[in-house]
Amino acid sequence: MSFILDYYNYWIVVFLMMAGFYIVISANNLVKKIVGLNIFQTSVFMLYISMGKVTGGTAPIVAEGVTQYSNPLPHVLILTAIVVGVATTAVGLALVVRIKRAYGTVEENEFDNKDDVI
Amino acid sequence: MAEFIDLVLLAMLAMLALTALRIIFLKDLFAVVMLFGIYSFLSALIFLNLDAVDVAFTEASVGAGISTVLMLVTLAMTGRKEKQSTHSSLLPLFVVLVTGAALIYGTLDMPPFGHPDNPVHQHVAPRYIEESPKEVGLPNMVTSVLASYRGFDTLGETVVVFSAVIGVLSLLGVRRKKKKDLESGLETHRVLHVVAKNIIPLVILFALYVQFHGDFGPGGGFQAGVIAAAAFILYALVLGLPKAFAVVGPRFLQWMAAAGVLLYASVGLYSMYKGGQFLDYNQLAADPIAGQHYGIIIIELGVGITVFAVMLNIFYAFGSQAERSNVQ
Amino acid sequence: MNLWQALEPAQLITLSICVPFVGALLVIVTGKIPNLREAVTLITAAILFSIVLAITDYTFLGTTLELDVIELFPGLGISFNVEPLGVLFALVASFLWIVTSIYAIGYMRGHNEINQTRFFCCFALSISSVMGICFSGNLLTLFIFYEVLTLSTYPLVTHAGNDAAKQGGRVYLGILLSTSIVFLLFAILGTYALTGTLDFRAGGIFDDSHNKVVLSVLLVLFCYGVGKAAIMPFHRWLPAAMVAPTPVSALLHAVAVVKAGVFSILKIVIYIFGIEGLKDLATTDIMLYIGAATIVLSSCIAMSKDNLKARLAYSTVSQLSYIVVGALLASSIASAGAALHIATHAVGKITLFFCAGAIMVASHKKNISDMAGLGRKMPITFAAFTVGAISIIGLPPMAGTWSKWYLAIGALETDKFIIVAVLMVSSLLNIAYLLPIPIKAFFSKPAEGAKPWRWSQTKEAPLPILIALIVTSGCCLAMFFYLQPLVDLINLIPGVSTK
Amino acid sequence: MDFLDIVSSILLLAGVFFGLSGAVGLFRFPDFFTRIHAASVTDSIAAILIIGGLLLQTSFDLNTAKLVFILLFLLVTSPTASHALAKSARHGGLLTLAESSPQDKQESAK
Amino acid sequence: MLEQHLAALPIILPLIAAPIALILGRSVLSWGFATLVSGLAFLLSWQLLSAALSEGVISYAVGGWAPPWGIELRVDAANAFVLLAVTAISTLVLVYSKHSIEKEVKATNHTLFYTAHLLCLAGLSGILITGDAFNLFVFLEISSLATYTLVSLASDRRCLTAAFRYLVMGTIGATFILIGVGLLYMKTGTLNMLDLAERIDLYDSSRTINTGLAFIMVGVSIKLALFPLHMWLPPAYTHAPSAVSAFLASTATKVAVYVMIRFIFTVFGIDHVFVDMGMGIILMVLAVVAIFKCSYMATVQSNVKTVLAYSSVAQIGYMILGLSLVSVSGLMASMIHIFNHALMKGALFMAVGAVFYRVGSVEIKDFAGLGRKMPLTMAAFTIAGLSIIGVPLTVGFVSKWYLVSAALEQDQWLVAAFVLVGSLFAVMYIGRVIEAAYFQKLPESRSSEDIKEVSWLMLVPMWVLVIANIYFGIDTSLTTEAANSASEWLFQTNNMLENKVMEGEVLEGHAIEEKAQEVSS
C-alpha cells in the first residue's frame, strides 16, 4: 500500500505524458500535434513539480512559523520550461498557418502527397 | 488531513487523465483546444496543490491563456475538423508503450513522493531555503533562485521568448490593413466596449502589481508581462487591430522586445564592469543585499518588458492573418 | 648529368616531382598557343629525364637520398627514400614520357582531339605522381601518390566525354578507388596497427612475432588493394580505360599506371614483407596461382578480341601478372626477373600501342579483321609492331627474352613447375594472338568489300608518330644486347640478384 | 468561529450545487441559448456563493481584499461575456429552439 | 577583464548582439554587425582554446554563485575545440549569406535572418560551454527555435513542412532530455554536471538513473540525427536556405554529438554507459547501419542538397562509431571528425548554394556543364567532395585514418572494414555530381541563360573552407593536438571519477577536478 502511495502520482503523470506523446506522433492534423506537444510538456512539468513537494510543506515563500518548505528549485526550472513551451507553440502554430496558406490543408497525409517526398 | 489532500490530488489527476483520453479520440479541433485549456487549468490547480504557486500562476496565464488563444486563432484559419487518419496507429502505439514502460520501470526506484529525506531536498535546495533570505534578501525563494542563483537560465528564457517572436514575425509578419475594415473589432457590442474600456486599466494595474510584488509573493516579470499583454489583446479584440496598432505599433513592440533583453543583459555587463562575474548583483551596490535587490528588480523589469512585447506582437501577427469570415 | 651537381642530392627528389607539376601549370598557362604548349611538354620531359639520370648516378655511387617533407600523423608523414627498384621504374617512365610526348603531339593533332590542354596538363600531373610513387619512402606516401595518380588519370580516361568514355571512367574510378580504399588503405592501417611503422626497410618490417595468419590476410589485401596491378578479378578497369586516347593507353596503361601497380606490389613484397618472410605465408601460394591463372585466362580472352586495343589491354593484364608471379615466387632471381620485366615489357607494349594508334590515325581502323593488307601501305608501322610482338613473346633477339628467362629460372629454383609450364603456355598464347596481326597485314589482301573509302590515300602516320615508333622498337632490340646497366641496378636491390 | 464555519460551509456547498447544476444544464439543454443560460448560472450565483463562503474563512487581511476584488471582477465580466456570446450568436444567424423549424429540430436531435 | 570573462563571452556576445541586430533594422547594417560579432566570437574562442590547452579547465560561476548552487560555465579542451569550429563556420557563413540569401529569402526578412543566426550561434555556444544540465536544455531550445526559424525562411513552400517536422521532432527530443535531466535530478538533487557525475556513482545500478540515461541518450540522438531518428534532417537541410544548410550541417549536429560525448564521459562515466548498460554495442550497430543506409540513400537522390543531407547523417555515424569504440584514440577520431566534417560540409553546401544562386535549382541534372561556367565553385565542390571521400591530403583522409586506426587498435577489424567500405558510397554520390559538372554539356535550354561565377563575397568563404580542407589535411598538428588533449582530458576526468568511487570517498565541489588537473600536468 505504501508502495502505491509513494508512486501513484508518478504513474498517472507517466500516463499523461504518454497520452500527449501519442497525440504528437499519431495525429494527422498539425494543430492537434501541437496540442499533443503541449500536453506532453505540461505532464513533464508535473513530474518535476511532484518531486519538489514535501509532505506537510508549504509554498517556498518565507512565512512566520513555517519550517518546512517545498523545494523551490523545480519550480524555477519549470517556470523556465513553461516559457520555452509557449515559445515553441507560437512558432509551431505560425508554421501551421503558413502551411495552410501554402498547401490549403493542415492534414499531414494530404500535403505530403502534394510535393515529391523529401 | 494528509489522506484528504491526497484524495484531492488523485481526483484532479484522474480528471486530467480523462481529459487527455478525450483529446486523443476527439476529431472536433475546437473541442480539443477547449479541452486543452481545461487540461491546463487543471494542471495549474495541481501545481497549486503541490505548493508551486508561481508555476500555477504561470501555467494558468500561459497554458490556459496565451496558448489557447493562439490555438483558437489558428483554428479560425485552418478549419476545425480533423480528417480521418490514413496511416496505421500501431507504430505510434508501440513507441508510446515502450517509452511508457521505460518510464514506469524508472519510477520503481524513485525516491518516494513527498518524503522530506529525498535527495532533492537534501543536496542543493537547503541552501536556497535556508540562506537565500539572508543572501538575497527576498521572502520568495522562487524569485531568488530564478533571478539570482539561476539568473543565467532566466536570461536564456527571455532570449527564448525573443527567439519565438523572431520566428513568428519571419513566418507571418504583421499585416497592416490599409482601408478601415468594417468587420474588425466587435463594433456593435456596446456593452462589451464599455466593460472592456473600464477593465483594461485595472488589468494593467494588476500586471504592475504582479511585476513588483513578485519578490514577496507569487508573480514576477513573466506573469506580469503576460497579463499586461492580455489587457492589450482584449483591447485589440474589442476595438480591432488597427486601433490597437495606434496605441502600440508592431514596430515599437519589436524594439521593446529587444530592449527588454538588452536591459537584462546590461545588468550582467555592468556587474562585469564593476569587477564581478556576469550577473553578479552583489556588485551593483555597496551593500550586497541592496545590490541583489536592484539587480532583481531591473532584470524582472527586463523580463516583463520582453514578455509583454513578444506576446502582444505574436498575437498581432496571428490576429492580422485571421480572416474574419472564418470566425464563428 | 653534371647539370644537377650544384644541388643537394636529396633535393633532386623534390625536383623530380615538382618539375612535371610545374610543367602541368605551364601547360595551362600556355594553353592558348599549341606550339609553345607542346614545347613546354617536351622540355619538361627532357629535364625530368636528366634529373632521373642524375639520381641514377647517385644510386650507383651508393649515396642514400632521403627526404622527409611533412609529418601528417605523429611519427608518420610524407617521406621519400631512393632505392634501386624505384630508380629503375623512374628511368623507364621518364624516358618513355619523352617518346610519348613526341608521339602524342602527332597523334592528338592527327586525330583532331578536343581539350588538348587538359590532356597535356593531366598527363604531366600523372607523371609527377608516378615519380612520387617511385621514390616513396613509406607506405603512406606510396598510397597518397597512388591515389593522386588515379584521380589525375580519370580526366584522361573520360577525355572523349561521350557515354562510352563516361562509362569507362566510372569503371576505372570505381574499381581503382574502391580497391585502394577498401583493401589497400585497410592493409596499410593494419600494418601500422601491427608494427607501428610504415617505412620501407630492407628485409621487411614484419618479424616472427607477428601472427602469420594476419600477415597472410594482409598479403591478400595488399595484392588486391593495388588494383592497378590488375590481378583477376579486379582487372576490368584496364580494358575499360581503353576508351582513352592512344597516347594515354600507351604510356599510362602500358607503362606508368599499371607498372605503378606491379611496382607497388614488388616494393611491398621486398620492403614490407621481405622475400624471406613471404615464404612462410599460407596465402603466398594462393595468390601465386591466382596470378598464374590471370596470365593464362587473360591471354585466352585476348585471343577472342577483335579490337586491337582491347587485345593489347588483355595482353597487358596477362603480362602484369608475370611480375606479380615473379614477386610472389619469393626467390631473389625471380624478383630480379620481375623487376626487369617492368622495363622490358614497358618498351615492348608501348611499341604495340604506338602502332595501334598509328593505324588509327592513318586508316581509322580499330579492328584486327579490317587490317588485312594494311602492312603494304604502312610498312614501318607494322615492322615495329612485329618487333614489339616478338619482345612480348620473349624470343631473341628482343628485350623480353631476358625477363622471361629469369622468371623461369626463379620458378625452377623454387620447384614451382606449374609456373614454368604456365610461362611456356603463355608464350605460345602470345604468339597465337600477336603474330597473326602483322602476318595478316603483310601477307593477306583486303577483301574487296572491306576496303575503306580512302584506301588508295592511306599512308604512313605523321612523322612524330613514326619517330616514336622507331625509337621504342629500337629500344626493344637494344635492350637485348646492352642490358648490363639495368641488371647492375637490379642487383643493388637488397635481397634480389640475378645470380 | 464555529458559527462562521458552518455558514461558510453552507455557502460553499450551495455554490458547489449551483456549479454542478450549471454543468448538467450545459450538457442537457437542447440549444445554444439555453446552454448559455445554464453556464451563466455557474458564473454568477455559484461564484458569488463560493467566494462568499471563502470570505468567511479569512481573517480580514489582504486575502479578504483579494477575494472581494475577484468577486467584483467576476460580477462585471461574466455577464458581459454571456451577453457578448449570445449577441454574436444572434448576429451570426443562430435561431432559438422556438424559432427553428421542425426539420432542424430533428437534425439537431440527431 | 578579458581574461577573467573569457569563458562567458562567447555566449554573451552573440546573445546581446541578436537584439541589437534587430534594432539596427537595415539588412546591410545587421549583416555587417552580425559578421563582426561572429568574428569576435571566433577570436575569443581561439583564445579560449589556447587557454584551455595550457591551463586545463576554466570554470566560470555565473552571478558569482559557486556551483552547484549557481550555474557554472566550464571550458576544457574538448568544448573549446568544437566551439572554435562552430564560430569559424558561423563567421564564414555570415559573410557568404549576404548574397546567398538575396535569392532565397524575402528581402523584408533579412534582418530577422541575421538576428536568428546570432541567436542560433548564442544557443550553440551556450550548449557547448555550460556545465549545468538544465541550462543546457535552455540553450538547446534557443538554438532550436532559431533553427526552425532559419529553416522556414526559404522561399520554397516545402521548407515549411520540413521546418514543422523538425520542430515536432526537435521538441520531442528536447522534452526527452528534460525528462532525463528530471530523473537524474530526482535521484541526486543537483543539476551541475560535475556534481551529478559524483553523485550518480553513488547509485550504481539505479533504475531511475538508467532510465534517465536512456531518455537523455534518445533525446540527444534525435538532435544529432542518429539513425533511425534522423528523418527530420534530410528535408530540413534540403529545403532550408543554402547558407542555413551550410551552417547547420556543419555545426548543429556536431554540437549535439558533443553533448552526447559530454554526458557519457563526464556525467555518467564510461563504465556505467558502456559496461553496465551495454550502450557501446548499440551505438556501434546504429552507427554502422547509419553509415550504410544513409550513404546508400545519398547515392539515389536527385537533389544535391538531399544527397549532402543524407551524407551528413552517414558522417554522423562515423562520429558515433569513434565514440562507441571507448578508447582515447576512438574519441579523438570523433573529435577530429567533428571539426573536419564541419570544414567539408560547409564548403560543399556553400558550393551548392552558389549553384542555386545562379541556376535556381540544385537537381543533379542542373549541374550539367557547370564545370566550365562556374569553374571556381565547381573546383571547390570537387575538392571538398574528395575530402568527403577521404582522399589523401584532405581532412577526410585524416579523419578516416584515425577512425580506422582506433578500430584496429581495439581489434575491431570488421568495424574498420565497414568504415572503409562505407566511404565507397561517397565516391558514388560525389562522383555523380562531378561527372555531371565536368563531363556533360550545358543543356541547350540553358545556353541562353547568363550563368557565370558568383561574387567574391560568396567565393571567399567557400575557398577559405576548401583551403582549410587541404591545409588541415596536410598539417594536422593543430587538430590532432587539440583533439588528443580533449579526449585525454575527458578520459582522465572519467577515470578520476571512477577511482574515487572505488575508494568510496566523496569529494566536495571541484576537488576532483583539481586532482585530475594535477595528473594531467
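Letters are used for the chains, namely A, B, C, D and E, taken in the order the chains are written, and counting of residues starts over at 1 for each.
Convention: a residue touches a chain if its C-beta (ideal position, glycine included) is under 8 Å from a C-beta of that chain, and two chains touch if they have at least 3 such contacts.
This one's a predicted model, so the numbers in the text were calculated from it and none came from an experiment.
**Q** Quick one: how many steps at least from subunit B to subunit D, stepping chain to touching chain?
**A** Counted as steps through touching chains, the separation is 1.
**Q** Where centres are the averaged C-alpha coordinates, which chain has the largest centre distance to subunit D?
**A** Measuring from the centre of subunit D, the most distant chain centre belongs to C.
**Q** Which chain wins if you rank chains by how close their C-alpha centre is to the centre of all protein C-alpha atoms?
**A** Central chain is E.
**Q** Among the chain pairs here, which one is joined by the most contacts?
**A** So the chains sharing the most C-beta contacts are A-B.
**Q** Nearest whole angstrom, what separates the Cα centre of subunit A from the Cα centre of subunit C?
**A** Here the centre of subunit C sits 70 Å away from the centre of subunit A.
**Q** Where the centres are mean C-alpha positions, what is the separation of subunit D from subunit E, in Å?
**A** So the centre of subunit D lies 56 Å away from the centre of subunit E.
**Q** As a quick test, compute the distance in whole Å between the mean CA positions of subunit C and subunit D.
**A** Distance between chain centres: 97 Å.
**Q** Need the CA-centroid distance for the pair subunit A / subunit E, whole Å please.
**A** Centres of subunit A and subunit E (C-alpha means) sit 28 Å apart.
**Q** List, in ascending order, every residue of subunit B touching at least 2 other chains.
**A** Answer for subunit B, listing residues that touch two or more other chains: 103, 107-108, 110-111, 118, 120-121, 124-125, 128, 150, 153, 156-157, 160, 163-164, 167, 171.
**Q** Provide the list of subunit A residues touching at least two other chains, using ranges where the numbers run on.
**A** Residues 17, 21, 25, 30, 51, 73-74, 77, 80, 84, 87-88, 91, 95-96, 98.
**Q** Give me the residues of subunit C that touch two or more other chains.
**A** none
**Q** Strictly by the criterion at the top, what is the full list of touching chain pairs?
**A** Going through each pair of chains, those in contact are A-B, A-E, B-D, B-E, C-E.
**Q** Using the touch rule from the top, collect the residues of subunit B that touch subunit D in their complex.
**A** So the residues of subunit B touching subunit D come out as 186, 188-189, 191-192, 195, 198-199, 202, 328.
**Q** Along subunit E, where are the residues that touch subunit C in the complex?
**A** Touching subunit C from subunit E are residues 386, 389-393, 398, 400-402, 404-405, 408-409, 413, 416-417, 420-421, 423-424, 427, 431, 435, 438-439, 441, 474-477, 480.
**Q** Please output the residues of subunit D touching subunit B within their complex, sorted ascending.
**A** So the residues of subunit D touching subunit B come out as 73, 76-77, 80, 83-84, 87-88, 91-92.
**Q** Using the touch definition up top, name the residues of subunit E that touch subunit A in the complex.
**A** So the residues of subunit E touching subunit A come out as 134, 137-138, 141, 145, 148-149, 152, 157-158, 160-161, 163-164, 167-168, 171-172, 174-175, 178-179, 182, 185-186, 191, 234-235, 238, 301, 303, 306.
**Q** For the complex, which residues does subunit B have touching subunit E?
**A** Residue positions touching the partner: 102-103, 105-111, 118-125, 127-128, 148-153, 155-157, 159-160, 162-164, 166-167, 169-171, 173, 254-255, 257-259, 261-262, 265, 268-269, 272, 276-283.
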